[in-house]
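Once you scroll down, you'll see the structures, which are given as structure tokens.
Shared chain: chain A. Partners: chain B in the first complex, chain C in the second.
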Partner chain A sequence: MTIQRRTMLKGLAAAGVAGAAAPFEMAAPALAQGAPFKIGLMTVKTGPLAQGGIQMEQGLLTFLKEKNNTLAGRKVELVVADTGGNPAGAKTKAQELVEREKVNVILGPLAAFELLAITDYILQTKTPLVAVAAAEDVTQRKANPYIIRPTTTSAQCCHVMADYALKELKFRRAATISEDFAFGHEQMGGFQRVFEEGGGKVVKKLWPPLVTPDYTPFIAQIGNVDVVFSGFAGSNPVKFMRAYADLGLHGKTPLMGGWTFLDDALLKSLGDEALGVLSGATYSATYESESNKRFVAAMQKDYSSLPGGYASGMYIGGMCVESALALAGDKSSDGTAFAEVLHKIKMEDTPRGPFTIDHLGNAVGAVFVRRCERKDGQLVNTVIKTYPNVSQFWTYPEDEFLKSPVYTRDFPVSKNLEN
Partner chain B sequence: MKRRLPSMTAALVVVAAMATLPLWLANTYYINVASQILFWAIFALGLNVLVGYAGLTSLGHAALFAMSGYTAAIVVTAGGAHLLGAVAAIAMTVATAAVFAVLALRATGIGFLMITLALGQIVWGIAYRWAALTNGDNGINFKTRPQPFGIDLTSAPAFYYAVLLVFLTAVMTMAVFVRSPLGAAVRGTRDQPRRMTALGYNVWLVRFAAFLLSGFWTAVAGLLFLYYNQFISPQVAALQTSAEALLMVISGGTATILGPIAGAAIVVVMKTVVSAYVERWNMVLGIIFVLIISFMPDGLVPGISRLVRSMWPQRRSNVTGERAAKAASEARP
Partner chain C sequence: MNLWLVLAINSVTLGGLLFLLSAGFSLIFGLMRIPNLMHGSFFMLGAYMGSAFLKQGLGFWPAALASAIGMAVLGGLVERLLLRRLAGQELAQVLLTLGMSFIIADACLMIWTGDPIQPATPPDLRGAVTTAGLVFPIYRIAIVGVAVAMAVALWLLIDRTRIGAMIRAGVDDAPIARVVGIKVSQLFTLVFCLGAALAAFAGVVGSPYLSIYPGLDAEMLPLALIVVILGGAGSLLGALLGSFIIGFLYNFGQALFPDLAYVILFVPMVLVLVLRPQGLFGRAAL
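What follows is the complex of A and B.
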């Protein structure tokens, strides 16, 4: 017994020494000539956000594998950093990527608060960043010339869904339900604004905490409405839809949501309770484009999973870097020049279709309204309507949109709430 | 006196090494890691006053840490000067600590832990929900670091030196505190509260003073955290931050000065540096804690010093043994 313990200890000690020694093996300084273009990926691989974070990494790895680690004729090198899903961690990891690894561009991070924690640092260090986090103000009231977002703001898809609910489905009374945090507030705010300005009424707004073990008490408050609009993210939609079906509301009161509410990556965890649910997203795994077919096939082959918004966001982020590399040429290593070029890219064949970047850095492209259906035994999100060229400002003039405050729990002001 | 000489030399060497750190750590990233270790260490030292010396385990210190950062961020964002922000932050935090103390010192042990936990959650809730003041979970961006006496703290080495200065002050304050009558009284209330009462001490007041001192250094650490990250959001006030600081104190060794510093170093290095190489760094950190608790239950620093001491007399007895043998051989002509 004693011997066993000692040997175990020795093994652990050796592992400890190896672990401690590793950080000090510094990477050789990159030389300017012929040096690979370095991409830093900020993602989350530990903690509650890890599911989306791992998909981000898979999406980017799929792209780089397809391109054989060469973009626009230049070798690229990938450095992956795990932020742990908190702002201080994001800041530290951004420093690691910029100061130690000297990356040329950062992709990520996942969560809005992580992105907000590093925007000033990105500006200070002149590091171009291709974001996936949806925080509205990063491309609006606090736009940053070093950041582009080829995916969507929080509300971009929700504006569309409100329009669809009003005009196509003729819904007039809606309840909203989403997690009580900024991403939820911004999504529901966007829906409410377009829905109420178009003649609808949001009669109930429910905000369960981020971690809610049982949604039953919230669902019980929904009452008599035409539609329930939801903005849940992570694995919460799965829990919510099950509870919704268990309470007999599935099929009775239609359910709609933003892109995270029925992300394609969630489909494998869902069953009949998701059938007929509508969601608005800038990506669909069923989208018919050459690059998307390649992407979906590769993801299913290598990771046996259907890509959703996070994976496609990073695949498309990689494509943006490739386009910018081709445009910037020799100037790619200059952060400011590269960031400028990133704003000018015009993407044609991508997994989300063609899109451009507006002058504040956000994508202008198609938003898909998708219905969850069962095909050959598998759940899929079928695109039922495409809204082309949707900007983050929806149909509002930019300056008017930017004058109003960012969407919060209390903005737009609710005038139609019923008890 | 002579036996203190080696430890004095060691301390000097360590201080010299820390003072020249930006010279031999060329990469700014590592200088930034060092800065982080130092302000977390100040936080852990502050918490240690309660946990170690007063024997009162608080799980609400992240609230004080965040209170300080938020106050400074709000004051400065509203147009206040950095100095005003810092003074307000520390005053506000010490006042909050006083309120915490009045409420929590009705109990000790688990009761104290639960009350501080609840108070901490209240502050977290305010940071999260009072969006008009705190900007909710989008947090507050803190545009520039302060410039004390016109010195720009933007660069990593400059900021490091500023933190180092504060850190050394904190360590010296702790050393003075431990030797002071107040320090002795605080330890007395931990070990023998009834006897202390019998001796005429106001146990409640002694603990209250310890809470305020702890709150003060937590406030200082919170300020440095804000200056370093230039961003604050409700996560800082969350239970996890309290738990992490508590782990630093316990793993390093409670009621020692070096312990919380060592604990802070372990946690920060794991979180920042090792996490870049080991995906499951959480597990490595867990294993390290389990090892520390299994083999050095009173913490890393007391454990190591016990180890050294257990080897020290051996060597001395060897020396005396040799001398005796030598003397014996000389005495045998």
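What follows is the complex of A and C.
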């Protein structure tokens, strides 16, 4: 694999262009019909978040290769920007993509704090954006009309897992453990709300810092529960599951988690400690659709890796752009019109199956409950139940859901904690 | 209670790993006065190299040794070709080692991609000790054994050999050591190689339970820094004691006051810096 590094020019250029007069208003009319449609990918290719970031790029490249760089009859051009995985970098790269590269649409970024750092700028510059980052409020209480998210909010899959734990597995006592940051809080909050409203009790909530070399002190506190629900992301699940097994809990207290906890792309880094772990995701590499078969085969061939949520998120993001291009036609270069069309797309054959976009910009589609198993020596996430048409509001009415505050460490309020 | 026992045992095992990590850092800092910000990178690169050797079919301990030797060579090159030119310029050295740590991190990302790697535990040390409802992995207890053996070996080297005497002389007062005919410059290279090798060894030994992933370097470096500041630069006993103190603070801090885990880790460092800047076992600067 090669990593192409863009030169230092970009920083200078972005600064230079920012000084010039009203650069982006000119962009749309100046584009002649037939000029390539420019896609800017914001990803992370350096630093600790690079694993997911590299997969995002691979997913999008796979899609564009399959389409021969032509979407809905129009040539597309891809500009890739490496944000470095931090908010300041995301802001700089968003400016560079919009003002210097004059992209028509942005795909990405990876992390919630990156998306939050640029959402105001996206609104100001009227740039359509197709996100993977999960930050709830971007499609909820502070919905941005220029952003759609064809993947999932933080809690969307966790609502489902709570329902499954209660109804199918009859679990009643749960402990939650996740990183102490917004993505973790929102995931655990979603699980806790549905689990407790359905009669379960979350008796322990553990919040290790994002950087935790050894999870033993936390695992030792879990105590007597039916299930441990986790929202770890990045490489943390690998460390966590090994420590969990080392302390003799694997096979004793079942583990469940959100999509990042056991992403398909993580399977090759894991061993027996992952067997039996349940995870909820909007994508499964084993999903039987035509486009997914093509996608998985191409990823195996070109990158010899199994695609997970990040790669599929961008492949599907590319499909959304294609659909919107077909619908918007001549108006594709107008940011506002294109963003409006993005909200109206109805996707049929995608690697995650059919889905639509709700009026706030988030996907409504299937969520899969998957169990990690060993087949022919390889770990796979087998889908054991599919919840169709899951919205970001779960089964709650939208207005009621939006009236309560966004999920945090302290919301929903915990009444059942034990020491 | 079960929890406390697990925490106590885990504190000791983490302390063992931290000693392996920070002994080299302490020697380099003590003798050469170089705050080597590459130390975490040596740890991570060593772990990656170890995993590559394991993939080639080497056994676990030979892989750890091979990785240590490889890193000693790399460390020697860095010292001879880069750091040497900046002798005495602390700021330049800090910036150089910081820059190198970024380069190493991105090189690792390119070679090993971002996917986390988790080498298997050595076959003889798999499984867990189960007593009185308490389960604890054998491998982690073995790490303590390795750390103690390493501590004894290093102590013998520093305290009982001629080279050790020369290193001690260099740590105490490099100019005078030069005057009496000790080739301090060669010592520098030797100690830097040794420090790098120790970090790589620790990386391989720690990898079955820490796993290897981009960012591991930045997680380990502050821990080495705290241990050495607490224990005193250049003091092996200080590094040993500092490691176990941090091991206990880390485990009990995270369990009892998870919100303050890092405060608890850094407060002793601040106190030591204020009250006893040379560290618990370091000697005051001359």
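Convention: the second predicted complex is superposed on the first by the 388 of 419 C-alpha atoms of A that agree within 3 Å, B and C clash if a C-alpha of one lies under 4 Å from a C-alpha of the other, contacts with A are read in each partner's own complex, and residues count from 1 in each chain.
The rule is short, and it goes like this: contacts are C-beta pairs under 8 Å (C-beta built on N, C-alpha and C of every residue); 3 or more make two chains touch, one makes a residue touch a chain.
Bear in mind the structure is a predicted one, so any value in this text is a computation, not a measurement.
Of the two partner chains placed around the shared chain by superposition, chain B is the only one that A:Ala117 touches, whereas chain C remains out of contact. Residue contacts after overlaying the shared chain place A:Trp207 against chain C, while chain B stays out of touching range. Of the two partner chains, chain C is the only one that A:Ala50 touches; chain B does not reach it. Contacts of A:Gly248 after superposition on the shared chain: chain C is touched, whereas chain B is not.
After overlaying the two complexes on the shared chain, residue contacts for A:Ala174 are found with neither chain B nor chain C. Of the two partner chains placed around the shared chain by superposition, neither chain B nor chain C is touched by A:Met319. In the superposition on chain A, A:Gly271 makes contact with chain C only, while chain B stays out of contact range. Once the two complexes are overlaid on the shared chain, A:Val194 sits clear of chain B and of chain C alike. Contacts of A:Pro217 after superposition on the shared chain: chain C is touched, whereas chain B is not. Annotation: chain A residues 45-46 touch chain B in one complex and chain C in the other. Interface residues of chain B, counted against chain A in their complex, comprise 27-30, 32-33, 36, 131, 136-139, 141, 143, 156, 225, 229-231, 233, 235-236, 269, 271-282, 284, 287-288, 291. The touching residues of chain A, counted against chain B in their complex, run 12, 16, 19, 22-23, 26, 45-46, 81-82, 84, 86-89, 91-93, 95-96, 99-100, 112-113, 116-121, 135, 137, 142, 181-182, 185, 408-409.
Residues 2-3, 6-7, 10, 14, 105-106, 109-110, 113-118, 120, 128, 130, 135-137, 139-140, 208-211, 213-215, 218-220, 223, 250-252, 254-255, 258-259, 261-262 of chain C are the ones that touch chain A when the two sit in their complex. Of all residues in chain A, those touching chain C in their complex are 1-3, 45-48, 50-54, 180, 206-209, 211-214, 216-218, 220-221, 234-235, 238-239, 242-243, 246-248, 265-266, 268-271, 305.
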